[in-house]
Amino acid sequence: MIRSLLIANRGEIAVRIARTAREMGIEAVAVYSEADAGAFHVGQMPRAVSLGPGSPRETYLSIPRLIEAAREARVDAVHPGYGFLSESPEFARAVEGAGLLWVGPPASAIEQMGGKVRSRARMREAGVPVVPGSDPAAQSDEELTAEAGRVGFPLLVKASSGGGGKGMSRVDRLEDLQAALAEARRLAVAAFGDGTVYLERLLERPHHVEFQIFGDRAGHVLHLFERECSAQRRHQKIIEETPSPALDPPLRSRMAEAAVEAARAVGYVGAGTVELLLDEKRNFYFLEMNTRLQVEHPITEATLGIDLVRAQIEIADGARLPDGWARLTPRGHAIELRLYAEDPITCLPRSGEVLEYAEPSGPGVRVDSGIARGSQVGVEFDPLLAKLVVLGPDRKAAIERARRALSDWIVLGVETNRRLLAAVLSSEEFVAGRYTTDLVSRLSPPSGEPPAAAWVAAARLLERSGPGGSAAAGGPTPAGDPWGEATGWRVSA
Amino acid sequence: MRIASGDRVRDVRLEPRAVSLDGERFEFRVAADGAAGEILEIEGRRHRIRVARRGDLVFVWCDGEVYEFMTVRSTGRPRTEAGDLLAPMPGRIRQTCVSEGEAVRAGQLLLILEAMKMEHAIRAPRDGTVRRLPHREGDLVETGTPLVEIA
Amino acid sequence: MIRSLLIANRGEIAVRIARTAREMGIEAVAVYSEADAGAFHVGQMPRAVSLGPGSPRETYLSIPRLIEAAREARVDAVHPGYGFLSESPEFARAVEGAGLLWVGPPASAIEQMGGKVRSRARMREAGVPVVPGSDPAAQSDEELTAEAGRVGFPLLVKASSGGGGKGMSRVDRLEDLQAALAEARRLAVAAFGDGTVYLERLLERPHHVEFQIFGDRAGHVLHLFERECSAQRRHQKIIEETPSPALDPPLRSRMAEAAVEAARAVGYVGAGTVELLLDEKRNFYFLEMNTRLQVEHPITEATLGIDLVRAQIEIADGARLPDGWARLTPRGHAIELRLYAEDPITCLPRSGEVLEYAEPSGPGVRVDSGIARGSQVGVEFDPLLAKLVVLGPDRKAAIERARRALSDWIVLGVETNRRLLAAVLSSEEFVAGRYTTDLVSRLSPPSGEPPAAAWVAAARLLERSGPGGSAAAGGPTPAGDPWGEATGWRVSA
Amino acid sequence: MRIASGDRVRDVRLEPRAVSLDGERFEFRVAADGAAGEILEIEGRRHRIRVARRGDLVFVWCDGEVYEFMTVRSTGRPRTEAGDLLAPMPGRIRQTCVSEGEAVRAGQLLLILEAMKMEHAIRAPRDGTVRRLPHREGDLVETGTPLVEIA
């Protein structure tokens, strides 16, 4: 029986998990690094334990400190959220070793799906199609050069322990291979301490479609339909929607079957997501499985009317899959917009204090936020600030609702990717539902030349609040925003 | 006063009910200053406004869009030398790809900054010559530290 | 083709209508009395027209001023919202007379459902059961005394043009009748300028259940299921839910049929609500029909996944009922909580500036608000500040979600009925789903003795911000909160 | 200082890390003063706090509940005479049901105030005698105007 839950995370996902915990009558316990003592997520929970000072590596990524915190807080269970240690089998084992419930899949499942290479092999065994790639054993330049011929060009050089596109590079011609391998190994060592690489055929302009999977200890595994995640920037999702405009019912059920098969193959329990690539010939391939709650899980909650976090906790507590989940059918169309603290053009992370904040509301609008007025946004963490999730009766209404809500979202003090999101929502391909993973990179958000009213407002504020000299002492200097003078890349957010 | 937004710098003269932007005059009226922020009427059109300030930076939300402004002090030298490329975030110089005195073309890779466990390519914004390259590989730099100066 | 829409209302409903209009690409035009120039709803719309200075009667209730505003704004249509002139056939005619589309039912339908007496007669004709009552013709004390015998005690004396319980009184014994009639006539004249009254049998502890009705110009009429509205305070609804815990499928369809019949009888077009009383023997009676959008419409939107305002506008524009509405089935359980600016104990209206405001968010949470930080809440308008609407997979989850969200709702500066709402949510009868219209009156919210932490926080603020002497000059004096000293009714909100 | 909440008045002495309420001492710590408001730790328990002030009124949101406080000036006379019943809102005296000098019982109807197109019954909070009844039927009264004084 879970009475208290340590949420080993921060930001919007910690807040979101805490909300469900509180609704379940479970005491949510926050953790925080000293720098985060005043963070929004800490204020959302009845209890909080400090992880002490230091970098993420020394706090949110420190298994010993988190286990210590869980012991100190005397919690019954630990929810890892996403990112940080959510896909660390070591952490899962440490939690269970401490006699606590782990709200996530068995460590063994995390392991089997962990390494790209291992998971590809495992899936091939299970009969799930994978993108053609090199033999994992092949590591020398010679072997890989040979493999490259088999795989075919263009291809990707990938780090075996990579993720999020880190240490990944495209090679179009054989003569570029060696240089790419050297670079990839160097980056892989730097980022993951593991220089193993492999080759994978590059699918041109594929759809990135994922299926939500859920399993229980009794061995039941089912899918909760798909999410279209092709709107990506630098391999980072920025907009997701469900249902996917790219699927028809037969294809959907074929892909869903494969996804369930993939999860069954590793004895999956709890919430997980199987990511698939869909090429122009409507062939699909296993990409990877995320053995945790997904950032974009709310769009599935919206169209199915369920609470995935509640189910995670109940299943960790030994429950079966909720009654009726096998009979769920999606209703309406849901879209998620990810608000990042970053320059909409360069995608470089932004920092600063949130000086004004107001969330959109109204019918079919949900906001999961990790910030509030007064929040300090630093660059040491994931730049995801908040998520806007809209539900509409159909895709057209959902897009209109997303545009409306986005324009009601007020965030001042930290630059965000809002304009990029708006650009996607009004791009012809997105509106038509015909877009692939290359859409966002081809978009250039309008440069946002301020209207006269904005100049007036700025001037009036400057006059009201007097010379910035003194005020400037408080805030960071505009050096935090350096590109402007030199390059003019800098455009208003 | 002089106010910049992005690379646009304008001369702004404020009167009680009008403003002139680089000499162009706009009448305005504060229709309301209420719960949903301020409402500015300019030539008949209403604009919903929210503002915030941090030091020399002014943030303006206007009709659903956000704009950023910076005061330009008439006195004192500009904040950064034209030509400076500043570190966009705290990080470590992973690699320098040019040397002082070297001629560079717009878009050319100048150095790689490692921050947040990712590598960021710093490229030349335009053709020029590397006048200063103050840091070595491995150096830690703070936000706003000049990385390269291009003449 | 509706391109622009005048929203002849204020507060949360004006904001809510504007959101849908904006999503439809329709320009929403606000109206406001001078006192409301800075009101939240005005800032939510791209355009706004002043109704000039003066009381509600001279502004939001002035047909000439509103028509003038509509002409000035060159709008295509007018949406009346609820309250104010939403049920005025004169206004409907004036709007159409000005060549504008009226987003509401035909004036004739409003008229037929307007007067209680007339509507009761109309329904009796249509074969819809009505609560036993006196012959409308009977007006003299003698006639009514005779009728009283037929109707039976206890009974209600009601004003024919009454509403919201105004000029309504309970009579248990014949000897009290005459006094009650005199009082009722006096109040009726004062409130409605019409002294006509009638008698109606008083149903003890009934359920108040209403059905959402929708019709189009082609003569189609359907129902969108029910809303349980028995949680009332002084005949004012404070919490609504759907589905109603009081209905079973057969009863639900019988009541739904009657509701559709009632709407058909008056040639109904657009959104309307048929209110029914359900007595202990599970007999139901027609109470009245609200010929407009209902305050609690969002719970229907939540369980059906539709937008009622969008449908209102489309149907006013000549469209048929949306495809598939005939096949809609509710999913999950939805609850609405009405946040009023009033003393939770005495229910007296409260006023003041909203000094701090934060809305709850997260899965299954929607807030329709008419206020923001800085809003001035006066007593000259309806005290409804905002509505919290939660959707959960089942009733239990919805109640838990409502409790969680309510505790996340921060409103400082104006006293609200929050504690009363919390008391209902945790009352045994409500949780069990066994409550009738007498529940709320029997509840007494806990007196909210502040914990030590609150005293500390208050003291720290007073110390930080120094003696209130100067500050006090700004705000109203605590005389605005008068009961305390004399009676001790005053408890913290 | 003396602070009132409802009919409860307490003597509050504030030290940097402790407070005494009517002599009872509580240690506290400001665990954080951040984006979600302030977090006060009192005897090990954390409390989420948001505060606001208007004149002598202090509003405190604490762990989901809202409390209202009022400063009590040690100097100067209390704001209202004990026994005053004040108009809860602007309105018109529709009817007076008692006269000065009359003895009243708790709950007895004193007068009817008409406001917002509704009638509000003003009843005696306790037994007593009507000392003052300053208004006539039809009088307009502002919020806070004494309506009846009961000795």
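Should a chain be cited, it is by its letter among A, B, C and D, assigned in written order, with residues numbered from 1 in that chain.
Here is the rule we go by: a residue touches a chain if its C-beta (ideal position, glycine included) is under 8 Å from a C-beta of that chain, and two chains touch if they have at least 3 such contacts.
Model, not experiment: these values are computed from the prediction.
Chemist: So which has more C-beta pairs touching, C-D or B-C?
Modeler: Taking the two pairs in turn, the one with more contacts turns out to be C-D.
Chemist: From the mean C-alpha coordinate of chain B to that of chain D, what's the distance rounded to whole Å?
Modeler: The answer is 51 Å.
Chemist: Whole-Å distance, chain B centre to chain C centre, using C-alpha means?
Modeler: Spacing between the chain centres: roughly 50 Å.
Chemist: Per the centroid of Cα atoms for each chain, what is the distance between chain A and chain C, given in Å?
Modeler: 41
Chemist: Please work out the Cα centroid separation of chain C and chain D, and write it as a whole number of Å.
Modeler: Roughly 29 Å separates the two chain centres.
Chemist: Could you list which residues of chain C touch at least two other chains?
Modeler: 358, 372
Chemist: At least two other chains touched by the same residue of chain B: list those residues.
Modeler: 63
Chemist: How do the chains pair up in terms of touching? List each pair.
Modeler: A-B, A-C, A-D, B-C, C-D
Chemist: Touching chain D in the complex: which residues of chain C?
Modeler: Residues in contact with chain D: 166, 187, 190-191, 343, 346, 348-349, 351-353, 355-356, 358, 379-380, 406-408, 410-413, 415-416, 418-419, 447-463, 465, 468, 471-493.
Chemist: Spell out the residues on chain B that touch chain A in their complex, using ranges where they run on.
Modeler: On the chain B side, the touching residues are 1, 3-8, 10, 12, 14, 19, 21, 26, 28, 38, 40, 42, 45, 47, 49-71, 78-80, 82-90, 114-120, 125-126, 143-144, 150.
Chemist: If you look only at chain D, which of its residues touch chain A in the complex?
Modeler: Against chain A, the touching part of chain D is residues 31-37, 39, 46, 48, 63.
Chemist: Quick check on the complex: what are the chain A residues that touch chain C?
Modeler: Spelled out, the residues of chain A in touch with chain C are 15-16, 19-20, 22-25, 298, 301, 305-307, 309-310, 322, 331-332, 358-359, 361-369, 372, 391-393, 397, 400-401, 403-404.
Chemist: Chain B touches which residues of chain C in the complex?
Modeler: 37-40, 42-44, 46-48, 354, 371-376
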